[in-house]
Each structure stands twice: as C-alpha cells, then as structure tokens.
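I've put the structures underneath this note.
In what follows, subunit A forms one complex with subunit B and a second complex with subunit C.
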Partner chain A sequence: MTDLLLLLPVLIITSGAILLMLLAAFENVRDEIACFGAMVIFLFGFCMQLFGLGQGDARIFSGVFNEMLVGNSFTAVAGLIITACGFFTCLSSHTYFKQNRFITSEYYALTAFAASGMMLLTMAQELITAFISLEIMSLAIYVLVGMHRRNIKATEAVLKYLMLGAFAGGFFAMGSALMYGGTGSTKFAEIAGFISANGFFASSILVVGAFFILVALLFKIAAFPFHAWVVDVYDGAAMPVTGFMATALKTAVFAVFANFLILDGGLQASWVEYLFYIAVFTMFGGNLIAIGQNSLKRMLAASGIVHSGYLLIALVAFTSRDFTANVIVFYLAAYAVATMGMFAALSYLSGEDEQRITFDDFRGLAKVRPFSAAAISIFLLSMAGIPPTVGFMGKFYIIVNAINAGQVLLAVLAIVSSVISMWYYLRLIITMYFHEARDDFAVAKSPLAQATTFFLVFCVFALSLLPVSV
Partner chain B sequence: MEMEQTVTYLVLIPLMPLVGALVIGLLHMFTCTTRPLSERLYGILGVTGPVIATILAVKTFFELKGMPEEGRYFSQKVFTWFNVGELDVAMGFLADPLSVLMLLFVTFIGTLIHFYSIGYMAGDENFGKFFAYLNLFLGSMLILVLADGPVVMFVGWEGVGLCSYLLISFYSKERDNVLAGNKAFIVNRIGDLGFILGMSLLFWAIGSGGFDYLSLRENASALAPGMGLAICLLLFVGATGKSAQIPLYVWLPDAMAGPTPVSALIHAATMVTAGVYMVARFSFLYVQAPLAGAVVAWVGILTALLAAIFGMFQKDIKKVLAYSTVSQLGYMFAGVGVAAYSAGIFHVFTHAFFKALLFLGAGSVICALHHQQDIWKMGGLKAKMPTTYWTMLIGCLALAGCPLLSGFFSKDEILYMALANGYPGVWLVGVLVAAMTAYYTFRMFFLVFHGSARDEEAYAHAKESPKVMTVPLVILAIGAVFAGYLNLPAIFGGHQQVTHWLAGSLVEHHPHASLGLELLAIAASIAAFAIGAFIAYRKFGQGAEEPEFQGFAKFAYNLFYVDQFYHAVIVRPYKAFGAAIQRTLEPYVTDGHVKLSSLLYQLIGQAFKVFQVGYVRIYAIYMVIGLSLMSLFLSQTLN
Partner chain C sequence: MFEHILSVMIFLPLLVGVALLILPVSKNGVRILGLAVAVVVLVCGLKVYADYSGGGGLEFVEKLNWIEGLGISYHVGVDGISLFVLMAAAVLFPMVFMLFTAKSKAYYCNLLIALGAMVGAIAAADLVVFYIFWEIMLLPIFFIIGLYGGENRIAATIKITIYTIAGSLCMLAALVYVAVAHHTQTGVWSFEIARMASLELQGGFAVAAFVGMMLAFGIKIPLFPLHTWLPEAYTEAPYSTTFILSAIMAKIGVYGVIRLVVPVFEVEMARYAIILAYCGVIGLMYCGIAAIAQKDFKRMLAFSSASHMGIIALGIFCMNVQALTGTLFQIVAHATSTGILFLFLGILEERTETRHIDDLGGVAYKAPVFATFFAIAMLASCGLPGTSGFIGEFLIILGAVKFNMVIAVLAGTSVVIGVCYMLWLFQRVFFEEANSKTANFKDLSAYETLVFLPVIILILVMGIYPQPFIAKIEPAAQKHILQMATQDNPQLAERLDESGLLKLTND
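Entry: the complex of A and B
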C-alpha cells in the first residue's frame, strides 16, 4: 500500500490524462472543459505531492517496486516542479489558444501524459524504467511540438526533434544494454555497487555503455555539442509547449541525470573530467548563440542551454549528497519559475499567430503595459541572477557548491558566463523601456496567462526566501 | 527549569500591517486609474492591521509579565533565512522586556495615527497609497523592534528608511517635497553604511557563536576593547542617521514636507527612535566601551543644544516641533550614552506620547487654517479650537518638562543619571537645553493659540477638527500626562517599574548617588522649566509681532548655514568629481572598451548564429563530432 502512496501523484496525473483522452473523443466536449480538467488534475497532483513532502522523512521510499523507483525529498520536489509547470502551462494555454486556433482537446491529455512520464523519470532507479519513462515523456512532447500541423515551422521542428531524439534514444537503449552486459544489472544501486567493488574501468563494456547514456542525457538537456536542436525546436513549438519543455522536461531529465550520476549510481568520479568541459562549453556556447538571436523564443531557448551549463556545474562539483541534490533542485525551481513566467507572459503578449516574437516587436511595451513589462523584467533579472530574485539565490548556491567542492575555476567561469548573459537579458529590458511603443499590444480576453505571470512574479521573490541548508 | 519560550504568534505582529500594505497597495494600484475605491474601505483596511498588531502586542506583554523575571523572553524562528559558512541567520523574532515596551507604544501610537489619518487625508487622490505606505512603515518598524538579531533588525531598519522616503515625498507634485525625500534617504544611507560596517565587524569578532542578540550577549565578553569601541562607534554612526543626530540631523526638519500624520509617525512612534533603541539593544557592547558611551552622550547633548537653538527661531510650526524632536532625541542619546539605558528608553516612551500629540495637534491646526504653517500668521485659536488647545497645552507642558507631567520625569531621570554617572558637563548643558525647550515650546504655543488673530480671513474659517482627529488627541493627551508615572523614582514615592521591567534586557548599573544630588537635579530641572516658560510668556503671551531677525538670531534662523556648508563641502565637490570623471575618464578610458566589447559580442553572436543552420543532418554531425572527441578523450584516459 505504501508503494502506491509514493505513486499517488503519478497515478492522479496518469489517470487524469487517460480520462482527458477519453473525453476528447466526444464531439461536444469543448477545449475549455479539457483545459479546466487538466488544471484540476495538475493541481490535485501538486497538492498530493506537497502533502507527501510535508510528511518529511517518514515518506522516504527506497526500493519500492523491486527497487525500480525511489521516493525522497529530491524526487518529491522535482515532482512538485513538474506538476506546477503542468498547471501553469494549462493556464497559459487557455489564453494562448484564444488567439492561436489550432487546439484540439487531446492537447491537454498529452500534456498530462508527458508530465506523468516526467514524474516517473525523476523517480527511476533502473535503466529500463528510465528508458520507458523517457519515451513516454518524449512521445507526448513530439506530438505537442507538432500540434500545429499546418504550420511549416512546427512541422519542421517536430521532424528535427523526432529524428535527433530517436538518435539519442538509440544511444540510451544501446547504453543500457551495454551497461547490463558490463555489470549484470540495470539497477542504479547495483551498478554503483559493481563500480565501487571493481572500479569503473574494469569493464570496457561498462565504460562505453555509461558513455552512451551520458550522450543521451546530454542531448535531452541540450548540452554542448548536443544542443543544436533545441533552438529550432523551441522556436517551432507553440509558446506554452515551449515553456513546458523548457521547464518541466529539463527538471525531469536533470533529476534522472543526477540520480544516475551521483545520487544513486556512483558514476560521478569517472565522468567529472568530461562534464567539466561540457559544462564550460555549454555555458559559453549557449551564451554566444543567444547573443545573436533576434527572436525572443530562440533567445530563451539558447539561454536554456546556458542554464543547463550551470546545472552541470552542480553535477561536476559534488559535495555532499544532500546539499548537491538540494542545490540542483533549487536551481531547477528557480529556473522553472522565471522561464515559466516568461513563456506565460509571451503566451498572451505574442498575440495572434505569435505575431510579436522578436525583440523589436516588444518596443515600448512598458509604455502600454507597464505591469507586464515589469513582470518580464523581473523574470529576466531572475534568469540573469540579480538579487533579490530566486535566480540569484539559485546561482549563489551553485557557486557555493562549486567552491566547496574545490572547483573554483568553474565557479569563476559561471560568474563570467552570467555577466555575458546580461547582454541578451538586458537587451529586452532596454527594448521594452527605452523605446516608444508602436504597437497597441492587444491581448486575448482570457486573463489566465496574465494571472500566471503575476503569480510567478510573486514566486520569484517568495522562493528566494526559501533556505537551502549547506 | 526550562520554560517553553517559543511562540508562534510573534511573526503576526509585523505581518499584519505588512499584509495590509500589500492588500491596500494592490487594490490601489489596480483601481486608482479606472475606478477608485471608497476611502471608507481603505480606512477600514488601513487600521485593521495595526489594531490586530496592537492586540497581539498587549497579549505578548501580559504573557511576558507572567513569566519569572530572569529569562523573561519569547522567541520565534519563522524560517532559516540564510546559512552560509558560520553565518546562520534565521528570520527570527524576539520579545523581551525592551522590545515589548517599544512594541506597546509603537503599535498603540501607530494605530492612533492611522485613525487620525483617515480624517487628515480625507479627499486626497492617493488616499489608498498613503495607507499602504503607512502600514508598510509600521510593519517595518515592528520588524526592527521585534528582530532577534542585527540582520533582521537591518531589514526593518532599511524598511523604515524606504518608507520615510516614500512618505516624505508623498506630495510628489512639488519638487521641494521630492528633494526632501531624497535628502532623508541619502543621509540615512550614510548612516546605514556605518550600521553595516559595525554589524560586519561584530560578526567578524564574535558572530561565530550565533548572530542573534542572546548569543551575542553571551559572547560579548570575548570582544577585544579596541574592536568593541570600533563596533560601538560604527553602530552609532548608523544611529545618528536614523535618529537625526549631529552630523546627520539635517534630514529630519526637511522631512516635514510629508503629510502631518507621517511627521507624527516618524517623530513619535517609528524611525527616529530606532537609533536609541539600537544603542539600548546593544547595551551589552556599550557598557564595555565607556569611551563610545561618552561620545554618544556628548554628541547627543550637543545635538540637543544645537537643535534647541534652531528651535527658538523657527516660524514654521512643524519645524519648531521637528527641532524639538532632534533636541529630545539628543537627550535620549545622552541618556543611553551615560549608560542610563532604561532612562533613555523611558524618554523614548514618554516622548512618543507627547510628540505624537503635538504633531497631531499641529496637524489639526494646519488643517483648520487650510495648510497654513507659519506661526506668525496664526494666533488666538484658543477660542476656536478648544479640544486642540487643551490637548496641545498638555503636550507643550510635557515637552517643556513641566513637573508632574510625563516629560518631566523622563528628562529629569536622564539628567540626574548624567550627574550621578559622572558627566556633570552633559548635565549642565542638559539643564540649559531644558530651559531653551520650555522657551521655544511656549513661544510656539502662545503664538498659535493666544493673542489676537494675525490672519483674519483664515481665522474666520477656522473650526475644530472632526472627532476622528480629536479623539486620538485626547487619548494621547492622557498618555502624555500619565506615562511618566510608570517610572516614578523613589524620591517621589515610586518604584521605577519601567527600569525594573527593562532590567532583563539591558546591562545597566544603578549608581547609589546621594539624595542631595538627586534633589539638585530636580531643582535645576524645575527652575529651567520655570525660567524658559516665563520668558516665553513675557515675550509672546500677550501677542507679539514678527521680528526682523538680526545677528545671531538670523544666523540661527538660517540654521547656522549647515546645509549650505554641507552643500559646499560635500555635495558640490562630489558632483564636481563625478563630472570630472564623466569628462575625462569615461570618454577616453572606459567607453572605448565598452563599445569594443559590445561590437565583439555582436560579431561573435553573428558567427555562432551561422552554426545554427537549421539542417538536421548538420546537427547530427555536431553530435557525432562531439561524440568522437569525447571518445578520443576517453581512449586517452583508458590507456
């Protein structure tokens, strides 16, 4: 019974998703109903997850379902982020699809399916489980990206994503097989046991297998040099979907990455050197790509690469299991809040058929919609890491963690990188505030995306007060 | 015996006004341009938070009173705020005798001022905004008072600084008001720097054992004497900013630009008392650094003297009161400086009543005369405004130190302690200032209420203020009379309850001076009051004409040209320095690099954009190249 308690939030989301999918079969079920249904489901899942977290250590599950899943505060917080992102995505979608009319009722069901895959992924303790969860998530996301079938950009995006994703999925499957060959198990704990007993380089099959899995995970988090897809895919997807991918998907993959690499898999020591370079290249590569972008969506996609770089630092600079896990999950939450907020704002500001999408389109927004402009500025400042926002605290902990682990160079590079990133964050603020408005910035009637934006502004400040114990 | 000393409701005391501020602020923000809400709603929302805070403060007081005298405190840790290295700071609150005493009058007087504001601000277009700020102000002050350590105190410290800025420049359509707000903010920032430095040194020296008052107090003996002195002086710099002492007192008179209830709040219940409170809070540091105490005492009493001189020549009713506040604050610092912390705090307490009363009374007069503030244009208002007249009379008597009223007892206590603790110089100046206080207080009083009207037209329209304004006046007047009896010294047959109450929070030694010394102090205080008041009556009691200031009077009326001096010595050179940098350094040294790096950014950005070609095959090739490089690296390691 307790095993099922762990799964309760996932079960809620999954059964909700199935229910929504069934409802979508009826002609007279309107999109609105599906949307509100999805909101309820996500909110319910969130509350149950929060309830579980509130129970503290009494609710740590280890070795449930024959050691295939784990439940602890790390996975619970990751689950919270994912369900919250799902909820806010639904809110933004409601507004967004008032002006971009290509929605079908299945949209919300797919969002919930993706979320359930993500939540399973965070808890996965075993390679096959991880692979299945990864595919549940990815398949739903592929469809969401290509939702707008008549739009050439969306079609292009889904094709790219699908092909490269399949490429990465192949690596993951192959890597799992090799790992199994090398260690005789697919369970993280047993792999860790094997490595600590025999050493990482004892079995070359294991090395290659681990390597392949690393590649697959790096692809999913868009680390350099596996990042190229992300800009095009984010650009092609609908605004709320992009927001969902940028936040929830990244949280899920990072959670499994952290679980596999350090928390439960014990592989960190053998990969530190690559990850060091990958982290550096990811930060700076992402920055340089972001600088050249004119489209906000592409800029945000590229800035997502940079944030993956910061998160990789936390994986490289492993101090203690608890602190590193807390740092990662805090940064994920910080990033999710700001990014979700940005995409919620863009969901209603981009207008019909996403007509306002470049930096120039947002000229003088502050004159016409001062609150929206202020909210966007706060999100951007949070992403750039300016106090007193949550983004600052997230970066602060990442850097403290790096210094504690002796990776001072990485810490310095992270700071340099965040200075560089000011370029494109401030650029939008300048555009919004220091130019005359040419547009009336008419928005859809539904106020939900606006409400999301302002609620997330509150979160940017509120979450920054949450402490992370060192 | 370990008592349960953690409670859960302390946080609510500052939270209530803060929530009020948020709610009112949001309501105002979203409705002010489209459909403004009624003032009644804002008024009710505005007083709710302070009223609940007051009730909770009283509850805290009684619970604290029920505890045994030693270890009399409550604390609450709401959450760990941050935890870096040795610095572990919780968002924590502490209710001990000192903070609860402050709490009681801050909430009580703050609430009265809120009620009064409903009447005073009626009809203002930014009524809602005003109450949001006022609530925020009170909430910040409550954080400051209830904080369990210097860091949380600093949050409140900065909060009141911000709110004073917002409220002083509240009538922001006039440039002067905005400048006054700026001045208050900037001058306070200078003081804050001292506070931050003092706090940092304190942490550096003894912060590793916990950075809250209780731990600091335990570890204070480990402090090196020189370090202790430096910390005390730096903290005092902070206090001079917030509590308007030499040399940073210049902002307070200008702060009159705000609405009168704000002046009352700044001068009586919040903000300026913060510095005195802080010094008393750190009494365990100041007792170890007698030199710092002497500096505090002398700065205090000289400020009192200077402000009293200025006060004697002002013609704006609020300026007179402003300088009287600076002067009284000087007394308080003299009190805490001579290590009579409870006397200093007690004067804060009584002063809060009569100063709030005087400001609200002045506000009532100003309202009646349609925002006329020049005392040389008033006169004879006694007949028109009886409630205001009688309450103001009580306030003036208390301020002037009339025997049997609150101000007398608390001021006398400070002066007596100065004498008893070996500061005869401070005492002598203090007595002189007492006489001057009596003089300028009654000068103002007689000019406003007695004699004949100087401005017939305004006089004809003047009428008593509405109940919502006069009732707070009456309540405060009762406080101004009786607050002093809470700490009646033995010589008057009292038991010094406040001093005993505060004993748990302060580190204070009570000297056993002779009865003769005490009688001398009392006699001198009474004489000072009598002389000052008598001269004022002779000069102004029967009506007087506005004099043409000459010589010293002109010099004092112009405030010794201190503002001009600061402007010439600090502000102008500073601006010139900035301008010089703008002319030389910026175009020739920094701009080039900045523009170059900006260009570089664009070039690199464009270059990297090229890699985003958009072909899947190319992207796959990137992956393969990356994979190959990593494999190469891997094979290197394997060999």
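Entry: the complex of A and C
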C-alpha cells in the first residue's frame, strides 16, 4: 500500500500525459481544455504526493521492479516541487499563449511527459532507470524548447540543446556501461558497496565510467565547464518553458545527482576535491556571464548557473544524510519558488511576442504596475538571499551545512559570489523603481499568470518559516 | 499585551507598514496612522523603560521555537545594553512623521518598516533573528534614497546597499561559524546570543569570523576606513531619513559590536582593540577635518556625524566600564544632538531652498527660537559642559586614559575640531548680515517648537543631572565587562584590578 502511494503521483502524471496526448488528436479539443486538463492532472498529482510525504522510506515494489525505484521524504519533496512547477507552468502558459500564438494542444501533454520523466528520475536507484527517465524528460523538453518553429532563436536553441543533450545522453549511457563493467552492477547501492570495499581507484573502468556520468549530470545542471548552452537555450525557449526547465528540470537532475553521489551511492569522498573546484567555478563563471547580460531571460539563465553552484556546495559539504538531503531539497524549493515566480511574471509582462525582455524594457514598471514590480522585486531579493525570504533561508542552510562540514572556504566563496550577484538583481529593481516609465505595460486578459505570481509571493514568505529538520 | 510588548513594538510597525503599502489610503491618512503607530511604539518603549528592573539579565523575554533542529527560535528581550538604544529609536521616531511632508505615502510605509526592523534588531536574542531584522532594516533605506533622494540618489543608494550587504553577508558567515563552533564544543545546536559568550574560539577562522563581524558593524557605524558610503548616502537621503540613519541605525552598529563581537570574540577583541581604537580616533579627526572643508551644510553635518561616531566606537574598544558607560550614554546623546541637527537643517533648507553655507546669514535675527534650539543641539554635539554630549565624551575619554594615553590625548584634542566647524557654521548661517534668501525666514511655529522642546529639555537634563541615566547604564556595562573578562578568559581576568576594572595598558 505504501509502495502504491509513493508511486501513485508518477502514475497519475504519466497516465494524464497519455490522456492529454490522445485528446490532442481530436481537432475540436481546444488548447484551453488541454490546459485545464493538465492543471487538474498536476494538482491531483501534487495532492497525492502530499499523502506520500509521511510514508517513510521504501524500495517501491522491490519484487517487481528489482529495487529500481525508491520512495522517501527526499524524493517526495522533489516530486512536490516538480508537480507544483508543472501546475504553475500551465497557469502561466495559459496567459502567455494569449499573447504569443504558436501553441498546439500537445504542449501540455509534453509538459506532463517531461514531469513524469523528472519524477521517475528523482526515484531512480540504478543507472538504466536513470537513463531512461532522463531521456523521457529530455525528449519532451527538446520539443517544448523548439515549439515556436518559425522563430529563429527558438530553432537555434533547440538545435544547440538537442546536439549537446544527445552527447550528454551518450556520455551517460557509456558511463553506465563502464560502471557496470567495473562494478558488476548498475544499482547505486551496490556500486557504493563495491567502492567502499575495494576503493574507488581499484578499477580504472569505474573511474572513467563515473567521470562520464558526472559529465552528463553536470551538463544537465549547467555546471562549469558545461554551462555555455544554458544561456542561449533559455533565451530561445518560450517564457513558461524556460521557467519549467529552470525549476523542475534542475530539481530532478539534482535529486538524481544527490542520490548517485551521496545519498545512496558512495562516490562523494572520491570526487569531493574536483567538485569543490567545479562549484567555485560554476558560481563565479555564472556571475561573470550574468553581469554582462541585457536580456532578463539570459540574466536569469546565468543566475541559474550560479544557483547550481550553491547547490553543488551542498553536495561537496556532506554532513549527515538527512541534513544534507533536506538542505538540497529546501534550496531547490526556494530557488524554484522565486524562479517560477519570475517567469510567471514575465509570462504576462513580456507582452505580445515577447516584446519586453531587456532590462530597459522594464523601466518604470513600478509607476505603472506597482504590484507586479513589487512581486518581481521580492523574487529577486529571494534569489539574492535577502531576508525574510525563502531564498535567504535556503542560502543560510547551505552555509550552515558547509561550515558544519568544515568547508569554511567554500561558504566564504559562496558569500563573495552572493555579493557579486547583488549587482544584477539590484539592477532590475533600480530600473523598475527609480526610472520613469515609457511604456504602458499592456498585458493579456487572462489573469492566471498574475494569480500565480502573487500566490508565489506568498510562498516566498510562507516557505521561509518552514523549519528544516537536522 | 504586556507579555508580548516587544513583539508588538516589532511587528505592529512592520505589518501596518506593509498593509498601508497595499491598501489604498491617502498620503495624509498614512502619515497620521504612521504617527499613531510610532506613538504606540513610544508608549510601549516608555512602559519597558519604566518596568525595567535592572537585574542584569534579559527582561520582557519572548521565546518561540522555530527551527528546532538547529536550536533557532524567535527569541527577543531587553537588557541594560539594549534598553537605551531601544529608547533612542522609540523616542525619536515619532518626530519624523511630525515634521516633513513626503512625496508619496510609500515614504511613510518604508519608515514604519524601518522602525519595526530596527526594534527587532535591537531586541533580538537569537543570532538568526538578529540577522534577519538587521537585513530588513536596509530595504526601506534602499527604496527611500532611491525614490526620494536628491540628484545623485541612484549612485548613493547603490553604494550604501552594496556596502551594507557585503558587510552583512560577511557577518552571516561569521555568525554561522560561531554557531557551528558552539555545536562542536557543546554538542548542542543553538543560535542564542547569550550562549555564544561561553565559547572558546581560537585559530585563523576565529580571527576571520571576528573580522567578518567587525566589517558588518564597522560599515554600519561607520568606522574609518569603511565610511566612504556615508557622505553620499547622508547627503542624498531626505532629511528625516538621514536623521534615522545617523541617530538610530548607526547606533545599532555600535550596539551590535557591544552585543555580539565583544562577548564572543573577547580574545581577538583584546588583541586588536588598539588597532580598532586608532581607527576610531582617525575617523574622529579625519571626518572632522573633512567637515571643516564642506560648503554644503548637509554634507558637513554628515561628516560631523561620522566624526562623532568615531569617538563612540572608541568607547567600545577601550573595554572598561567608564568607556562603555560613556558609549551607551553617548548613543542617546549623539542621537539627540547631531541627529536632531539634521532635522533643523531640513527646516533650514525647506525655508531657504539652499544647502550652500555661504548663501545664508543672519538667521538668528529673524528666528531667535530656531537659533536657540539649534545652538543648544550644536553645543551638545560639540560636547559643551552642561549638555548631554559632555558627559558621554568625558566618560569615553576617561576610559581611554586608562586604556592608552596616546589615544586619549588624540581623542581629547580632536574634540576641538568639532567645535571649529560647528561654531564657524553657526557664525556663517546665523550671524552676519541677512540676505535675500534669509530675509523672510520664518521662525519655528508653535507646533514645531512643541515637537523639538522635549528633545532640547532632554539634552539639558542629561547634561546637568545625568545620574539617573548612568545608574541604569552602569550596572549593565559593569556586568558586561566583568562577564567578558572573567568567563573562560584567564588572560583578561588577570588584568582586572580590585575595583573590577580592566587594565589593558601597554603590556
């Protein structure tokens, strides 16, 4: 029964996706119906995931699935973030596609497919399952990125993402094969057991395999030195899709990364030295890219790289299984709330055909739309880690975790990086508040994206009060 | 209500401020409501002052578990150290609603949010709670300077924000380091400020954490050489905000050093006190000399305020009871003298539409009440005997004599610089010939006189009969120094003389 409850959200989202895909075949099913259908599916999946939250630790149907999937509070919270992101993406898409007309009904089915792949990914306990769910997710996302076929930027984005993503997938498959060759198993737990028994460098195939898998995962989370694609891809994709990628996809990949590296696998100690440098370079590289951007989407993409860096700190600084897992998942939620909010706000504020996307386009927004400007400011402050927002609590936990693990230098570097990142977050606030408006900021009639934005503002404050257990 | 009196003082302004931002209330409505809230805070503050027993420990404590796994709780309280800072905030705040009219209602809302955050930072007994309120304090200032400041407001607001946030983040790392050290040493997670005093911190990280915290507070005070944001921010901000920055927020920086740095990092403090004391004295002299050169009276007072903060900071680093008592006394004295001068200059600019000192003259003949009040506040700021400024600076210099003779002599003589620029300003603005700008200068109205009168009386009372105030401060200061010196710090305890005072002179 527990097993079923833990698996139910994935089942709901997957069958919902199939249902939406079938519905999309009918010509007289309007996009709106598909949109509301997807919302219902995501909401239902979210509620079921909530029930699964208190169910404890279980290898789901270990007899049937041969211990391929695991369900615990870590995967459940990651699942909650993913379903919630899916739900909010549908809401903002509804408004967004009132002003940008290139939608087909399959859009919502693909969102749901991507979400189901992500949820499976968070639960994956062995390499082949992880590979399959990674591909389910990626294929759906490729299509979503290139949805606007006639737009040259979207085409460029999908081409870049598809080519590089295919390489990453190839790396992952090759790495899995080598791992299997080295350890005789594809299960995280057994790989960990092999490493702790024989040492990491006992088998050179294992080292190469692990390296390949890390490359693939680092690519997916846009960590240095595999981060270059993210700016162009985010820039080319539609606003809600970018939001979905930035939040849900990152959550899923970080969950499997954490599982593979520290929670269920045993690679952490061997790789910590390299990950340390990767975390540092990811933070500062992301900052350097973000400082130079004039487009908000590109700035947010680059700031996403920086946040990946902060999350990598939590992977490097491993204290106790529960605390580190909670810190990671809390930070993911904190980042997701603010980023989702930003993209929901941009979904309605960017106007017809995404005409407003640079910093300058948002000049004086506070004079015309004070509430929207306030909401965006709150999201930015949360990303910058200023109290009393959830972003601050996330960063606080990361720092506590890092210093507690003895990684004081990493914590200090994270703080230096935060100070640098203030520049581009403040820049938008200054543009919105301290300049005169030149635009009337006309937006579409659909109020759903606005509703999402203001609900997420509430979440920014409410989640910050949520205590994390140690 | 009385068991939650501090929470009321913190959250009433915060919530009303946010609510008024959202609700469609007229500008005057917001101003009146804001004043009402500030008066409620004042009444609560007076109640706290009256009921404060002086036992030494925290009183009016409220504690609510928040993140139990890490031992973080919503924990507030008041003791002898925080009482006077709290009172400075509560007493002076209503004035900013009474005197100037703002451009829009958001100005008053931001002021209310700043008030709540400042009270929260002063009353916090938990590191995380302190940090949260400390950071919230900055946000309204950022928006006020950016929205309502003068010509260079954007540069000024970026400067103050980046400076302060950089400092705050250093402090965040430092305080997490302290809490983690507490966990390693005792095995218990806690962020309670009082518990951190018992830690034994050693090594390079402890020094780094000490530096991190000192950076945050040094920027807020501001301590030389971290003062470079101050002239722009003080000059560009509207007068009532400059008043808050100078009279209250700078004091919270001083308070933070006394509350967080001195007890936790007693060894580092003892080792580096001399350097910090020199920073204080250099700030006192440097900003004083800079003030002489200014042609803009707001900028001049900004430097003057920074200069006097130097001597207040010096009082902490001497680490003896006299100096600490003087510092706490001077916190109120500086707020009521230099702080109030910003309000007077605001009135001066409002009526003459210039900030250029040389454009003015003869105000004293046109406005005798204004000139008298200004003179009293000015002389208190210079430290003339009979005013509050004298008592505080005298105690600090007395403490400095025990600490280090060179510093004491430098501090004592540098006070004269303050007299120079203040009297020269007074001569150029209030005496000499009246000109076209000052010919029609209106004296303070009856309403304005009533607003300022209590503060002027306070300056004189604190100067002529300081005993009741010192009686409230001294036990707390004594306890603070003793606790710091004896608690697991034999090095310092050895230097205690028979009267419980520290001898830290040249050894």
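Keep this in mind: the second predicted complex is superposed on the first by the 456 of 470 C-alpha atoms of A that agree within 3 Å, B and C clash if a C-alpha of one lies under 4 Å from a C-alpha of the other, contacts with A are read in each partner's own complex, and residues count from 1 in each chain.
Basically, contacts are C-beta pairs under 8 Å (C-beta built on N, C-alpha and C of every residue); 3 or more make two chains touch, one makes a residue touch a chain.
This structure is a prediction, so every number in the text was calculated from the model and none was measured.
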{"item": "Combined model on subunit A: subunit C and subunit B, fit or clash", "value": "clash"}
{"item": "Partner chain in contact with A:G364 - subunit B first, subunit C second, else both or neither", "value": "neither"}
{"item": "First (subunit B), second (subunit C), both or neither touched by A:F226", "value": "first"}
{"item": "First (subunit B), second (subunit C), both or neither touched by A:V400", "value": "both"}
{"item": "Contacts of A:P467 with subunit B and subunit C, given as first, second, both or neither", "value": "both"}
{"item": "Partner chain in contact with A:I386 - subunit B first, subunit C second, else both or neither", "value": "second"}
{"item": "Partner chain(s) touched by A:G71 [first = subunit B, second = subunit C, both, neither]", "value": "neither"}
{"item": "Partner chain in contact with A:A411 - subunit B first, subunit C second, else both or neither", "value": "second"}
{"item": "Touched partner set for A:V419, first subunit B, second subunit C, both or neither", "value": "second"}
{"item": "Contacts of A:P240 with subunit B and subunit C, given as first, second, both or neither", "value": "neither"}
{"item": "Among 130-138, 418-426 or 454-462 on subunit C, the segment whose C-alpha atoms clash with subunit B after superposition", "value": "454-462"}
{"item": "Overlapping contact positions on subunit A, where the subunit C interface meets the subunit B interface", "value": "400, 423, 465, 467, 469-470"}
{"item": "Contacting residues of subunit A [partner subunit C, same complex]", "value": "323, 374, 381, 386-388, 392, 396, 399-400, 403-404, 408, 411-412, 415, 418-419, 422-423, 426, 430, 433-434, 465, 467-470"}
{"item": "Complex contacts: residues of subunit C adjacent to subunit A", "value": "21, 66-70, 72, 128, 131-132, 135-136, 139, 143, 146-147, 153-154, 157-158, 161-162, 165-166, 169-170, 172-173, 176-177, 179-180, 183, 189, 205, 208"}
{"item": "Interface residues, subunit B side, partner subunit A - complex", "value": "79-84, 91, 601-602, 604-609, 611-612, 614, 616, 618-620, 622-623, 625-627, 630-631, 633-634, 637-638"}
{"item": "Touching residues (chain side subunit A, partner subunit B) in the complex", "value": "156, 159-160, 163-164, 167, 201, 204, 207, 211, 215, 219, 224-226, 228-229, 231-232, 273-274, 285, 288-293, 400, 420, 423, 465-467, 469-470"}
